[in-house]
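The data blocks that follow each hold one structure.
First chain A sits with chain B, and in the next complex the same chain sits with chain C.
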Partner chain A sequence: MKRAMLLLRRRAISSIPVLLIVIVFTFLLLESASGDAVDAYLVSIGGGDAALVQSLRQSYGLDQGMATRLWLYFSALLRFDLGWSVAFDRPVLGLILERLPNTLLLMGSATALSFCLGSLLGIVAGARPDSFRDRFLSIGSLLLYAIPGFWLGLVLVIVFAVNLRWLPTSGIETIASGKQGLARAMDIGKHLILPVSALGFIYLALFLRVMRAGMVETWRMDFVLFARSKGLSRLRIVLRHVARNALLPLVTVLGLQSAAMLGGSVVIESVFAIPGFGRLAQEAVNGRDAPLLMGIIIVSAVSVIFVNLVVDIAYAFLDPRVGASEAGA
Partner chain B sequence: MSFFTRLLRSPEGAFGMIILAALVLVALLAPILFPGDPLRIAGPALLPPFSDPALPLGTDRLGRDVLAGLMHGARTSLTVGIAAALMAIVLGALVGTAAGFAGGLIDEALMRVVDAFQIVPSFLLALAIVSVVGPSLPVVIAAIALGAWADPARLTRAQVLSIRERDYVAAAEVIGMHPLEIALKQVLPNALPPVLALTSVIVAAAILTEAALSFLGLGDPNVVTWGSMIAEGRNVIRSAAFLSIAPGLALVVTVIGVYLFSEALSRVIAGGRARP
Partner chain C sequence: MDHAVSRRFVLQSTALLLASTALSSKALAQDAPAGGRLVVAADSEPKSLNPAIVASNGVFFIASKVIEPLAEASFDGENGLAPRLATHWEGSEDGLSVTFKLREGVKWHDGKPFTSADVAFSALQIWKPLQNLGRIVFANLETVETPDDHTAIFRFSKPTPLQLVRNALPAVTSVVAKHIFDGTDIAKNPANNQLVGTGPFKLAEYKPGEYYRLERNPDYWGEGQPKLNEVIYRVLPDRAAAGSALEAEEIQLAAFSAVPLADLDRISKVPGIKVVTKGYEALTYQLVVEINHRRKELADLKVRRAIAHAIDKKFVVDTIFLGYATASTGPVPKNAPEFYSADVPAYDFDVEKANALLDEAGYPRGADGTRFALKLLPAPYFNETRQFGDYLRQALAAVGIDAELVNNDAAAHQKAVYTDHAFDLAVAPPVFRGDPAISTTILVQSGIPAGVGFSNQGGYASAEIDGVIATAAQTIDAKARTLLYNDFQRLVVEDLPLINVAEWGFITVARDTVLNVANNPRWAVSNWADTALQA
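Then we have the complex of A and B:
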């Protein structure tokens, strides 16, 4: 426990400068944009006179120098204030928090699907390296990995929603259905089947490949030879000795993939019209909503850091060697 | 045995090479077989495929030739994929080498920047850059490269750190070679091969990212891309699903070609060791 806490503290401290770099970079990026939020707002209301422009710029702090504005932004962030969304005319944090649960539901289900199915198929493939099953699964995973997620989503819509009419084409739930409790959960689940499959199947391939590669490595270890010489059954060797040791790197992949999954959700949510975090990013781009876009990038960076911290802790619990040196120091 | 024959001997390598060679051929032939703007109106709208020999794959919602779009799209995808990957590798190798050699505070600072780029989802980063700077092909390429250089930088640094300790580097120091000459002539050539093996994976990822960007309408509006063709076909997905399926298949085949090639390449680079 102490070991995990020390590891956590060290990782958390080292991620602070990284987060600062992210904030400064996003700030500079949006500084270089031609036109600001006020210009975008004027376009949306059909123009305005110079006095209005002046007062708007003043109220958003856009008439200050760059260093002042960066400082203003930093101090606001320390108070968990991510700024004011121009396109939605609401605080950014509230908007993001409102959309985040949908995305977490989508990503969580997709991760669970790809992790479970991917590691299972990886065990099947790695049980007998170079067998027909292994070759088939390896080529299949390569094929899956090459499919763009948004296109897979569209194909699933064409097959299961347009042609077979089994599942809804888009949205997170039936609008104004008045469903409550379990019926509502079932409705959301039905809407999530296609997007979760589209997102999950792509990443399934990655888990399969890492699991298989880990098993191929483990087969060559001495303890596997020992287990064989003891006369253990093949199934027991595969599950208790080989697969168990190969499972560990998958936890790392889980952390590394969180950033890619968050990025992938932008397109998937746009294909399925799910009002989530990713779709919010697209809406921010369309509305030239700089504060919102910045908030989204910062929140996603924080989430990725958080997921990786959780993965580090899980790793420390699963593998007693990790972080042992820090606990001893 | 030469590099290429070894590459071609594995089934993956041969198959990948065939796909990539065919794609390059298509990309080169596109302006000859289909001269003029592939975005111009070529016939009646929504002509189904295989019904008119002049327009073999039919037309889209605006009467644009689908086959011409597909062929010109190959140009865009390959250009973006290769250019973005080269940019990412060069940037990553430079930063990684600098960090590995400088050590100390500079190393620490550079690696934190690498961390920052690894933490922000690269697709969100590309989305933000393109939306801020404006959608054009060079911007899309740079935006994708900025999201992809962190991995090669990390790998180059690790390579440099391990090679720097080898005996032949110490020997070069003893005979009085200039540190810069050691860095460029002794360490870098040996550090690079595994980094270069990353190239094809980055090419594949860049092609997919570009497709997703143009699917969301953030690609260069004056160029045909497979992603924008899929987005365009999506409007008539109920009546003409073919329009969004065909460019997607082209993407899948391209990326598979790149992956097969990269698998064979990394096996050859690893020293032609027997298959595990």
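Then we have the complex of A and C:
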């Protein structure tokens, strides 16, 4: 436990410069994009005259210099104020808090699905490397991995929502249904099946491959030979010795993957009309909404840092060698 | 009446379908069943829903059911209008005033009575100073007198044609309640999103990213209206999602071509779904090639004419718009019969002639077959504008002009074309809004400052065209004014400050159970008081 606390403290301190760099870089990136929030807004309302344009720039604070705006942003951030979204005309924090749960639910379920199913199938494949079962699973999962997420999503919708009518086409829950409690949870679950499958099945291959590769490696180890010579059953060797040792790299991939899923959710959320974080990010870019986009990126960065921390702590528990040096320092 | 007929038959390709829907909606108009929940697709969530401030189709689509204008467009009403909050309007001889008689017995959704004070407040405090279109139409509005609760007299400092005011009524005169906005910071008033209106529906609930729920207004002034109990706008940003949701019967209607043109053929064959091309006649979009006259080559009329000859409008209509459009002849669309004039020069598709004109202009083909190169910026707002950009590049290559395509997103395109003038040719989709003076003359008029979107930013200046625009702006007599706009069309097509290629309305796809769809020329953005659902 002490090791974990030390790790936590070190990480918290080292992530501050990372966040600063992310913020400044995002700000400059948006600044260098052609067109600002007023241009984006004028497109949506069909234009306006010069005086209107002028007054809009003023009310958005875009008439001030770049340095002033960056400074204002930072000083607000120090007060934990994420600012005001110009595209939505609402506080950024409120918007993010409204959308984040949907994305966490979607990503969490999809990651869990691809992790559990992927490592399970990886064990099946790695139990007998180069068997027919192994080949079939490896090639099949690669095929899935090669499919673009939005396409898989659209196909799933056409088959299961439009043709079979088993599941809803889109949305996070039935609109204005008035459902409460368990009924509502069931409803949300039903809406999540297709997007979670579309997102989860694609990343399944990654976990499967890593698990399988780890197991292939482990089979060659001396302790496996020893276990076999002890006369342990094959199932016991596979689960207790081979798979368990192959689990470590899988946790690394899990950490990396949860960050990648944030990106994947942009497409899936838009195909399935889920009001989530990814769609918000897309709308922020289209609307040149700097405060909103920076808020999104900060929250994403914090969550990626957090997930990596959790992964490191998990590592420390799974493998006693990890973190020993950090704790000693 | 002949107006109404020609308006109805804009899109020849779908005349049959059109006729059938016209018949059924007429037959059903009287005894449409009451009740039910209509779920429609919405592709965006406007940040301000107040149509008095933001006169745009995205806002009207939702807000027009809650907040009403003085009059709405109509297929068979006098001057193409049907009364809403105003029952009668009359202009003075000198063009310095317009008198509106207002509807009596109308109540705001919060129970307070609607009076002329609300109209005066909306006009002077919102339409004129704040609204994107009202700033143009009511630029010379000085005062609004309210001799009694149901009369409002608009007084102008300079003659303002009644014809213009009339044509602008549906889009620019959404009336909001004085008692809600007076004395507040109007731009920041929460009522810009929590709408209070006089319309057939009340805005009951908004769940960001998911839906808007509108509820029946039991005290609506229209007898027996509205028919529906609820209208729900379900936010579906992905266009494939709208089509799937319609097929799965999760929604009953998708307007504004939410279902892509390429899917219409297939979806029209799905039993229980109808494709309606009517109902957008007063919201015509125009496909236009904007020209930067600062470029030496493009300042030459021969070159501009050559480009016009190089474009095959029939191909554009048939292949890009899949027939759901009409070839343009000039800056006023055919389904604005009040102003449209066919008496303009025609530029037939003729590659040889285009090549000859370019040779004549002094731009012979070089060793590689190219005469000169230029930058082409297609607006990203519609699939069709992007596709036309691809087509135009090929069409120009055929006459030896090497066009480099520059694709931007909406904000970047807006800045590149209308502020930085960093284009040679651009593809734009301006809207004709019922009168050339609202958003059409601005496309060719000179002296507009940089940064004004959807305006002449190509550096074009013609004293003659500017003169006609200025005269028409103060010509009171409707006939004389219309003639001036006929001249305007001829001059524009002769001199080609820009090239009009095609014009289109949107497509509505609905379940057969939705009744009274598309029964006015701004249907998608009208109040839907008579829209009903078959039980």
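FYI, the second predicted complex is superposed on the first by the 297 of 329 C-alpha atoms of A that agree within 3 Å, B and C clash if a C-alpha of one lies under 4 Å from a C-alpha of the other, contacts with A are read in each partner's own complex, and residues count from 1 in each chain.
Here is the rule we go by: a residue touches a chain if its C-beta (ideal position, glycine included) is under 8 Å from a C-beta of that chain, and two chains touch if they have at least 3 such contacts.
Fair warning: this is a prediction, and the values are worked out from it, not measured in the lab.
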With both complexes superposed on chain A, which partner does A:48 reach: first (chain B), second (chain C), both or neither? second
Where does A:227 make contact in the superposed view: on chain B (first), on chain C (second), on both, or on neither? neither
Output check: A:270 vs chain B and chain C. Expected answer is one of first, second, both, neither. What do you get? both
Which holds for A:7: it touches chain B only (first), chain C only (second), both, or neither? neither
In the overlay, answer first, second, both or neither for which of chain B and chain C A:99 touches. second
Tell me the contact category for A:32 with respect to chain B and chain C: first, second, both or neither. first
For A:143 in the superposed arrangement: first (chain B), second (chain C), both or neither? first
In the superposed arrangement, which partner chain does A:237 touch: chain B (first), chain C (second), both, or neither? neither
Would you check which partner chain A:304 touches, where first means chain B only, second means chain C only, and both and neither mean what they say? first
Hey, what residues of chain A end up touching chain B and chain C alike? 33-34, 154, 157-158, 162, 270, 285, 288
Contacts from chain C onto chain A in the complex sit at residues 39, 44, 46-48, 54-59, 132, 135-136, 187, 205, 207-211, 213, 230, 232, 234-238, 240-241, 244-245, 247-248, 250, 381, 408-416, 419-420, 431, 439, 448-449, 451-455
Spell out the part of chain B that touches chain A in their complex, as residue ranges. 112-113, 115-116, 118-125, 127-129, 131-134, 204, 208, 211-212, 215-216, 218, 227, 230, 234, 237-238, 241, 244-245, 248, 251-252, 255-256, 259-260, 263, 275-276
In the complex, chain A touches chain B at residues 15, 17-19, 21-22, 25-26, 29-30, 32-34, 129-130, 142-143, 145-151, 154-155, 157-158, 162, 216-217, 220, 259-260, 262-264, 266-267, 270, 281-282, 285, 288, 293, 296-297, 300-301, 304-305
Chain A - residues contacting chain C, complex: 33-37, 39-53, 59, 87-89, 95, 98-99, 154, 157-158, 161-162, 165, 168-172, 175-176, 270-276, 279-280, 285-288
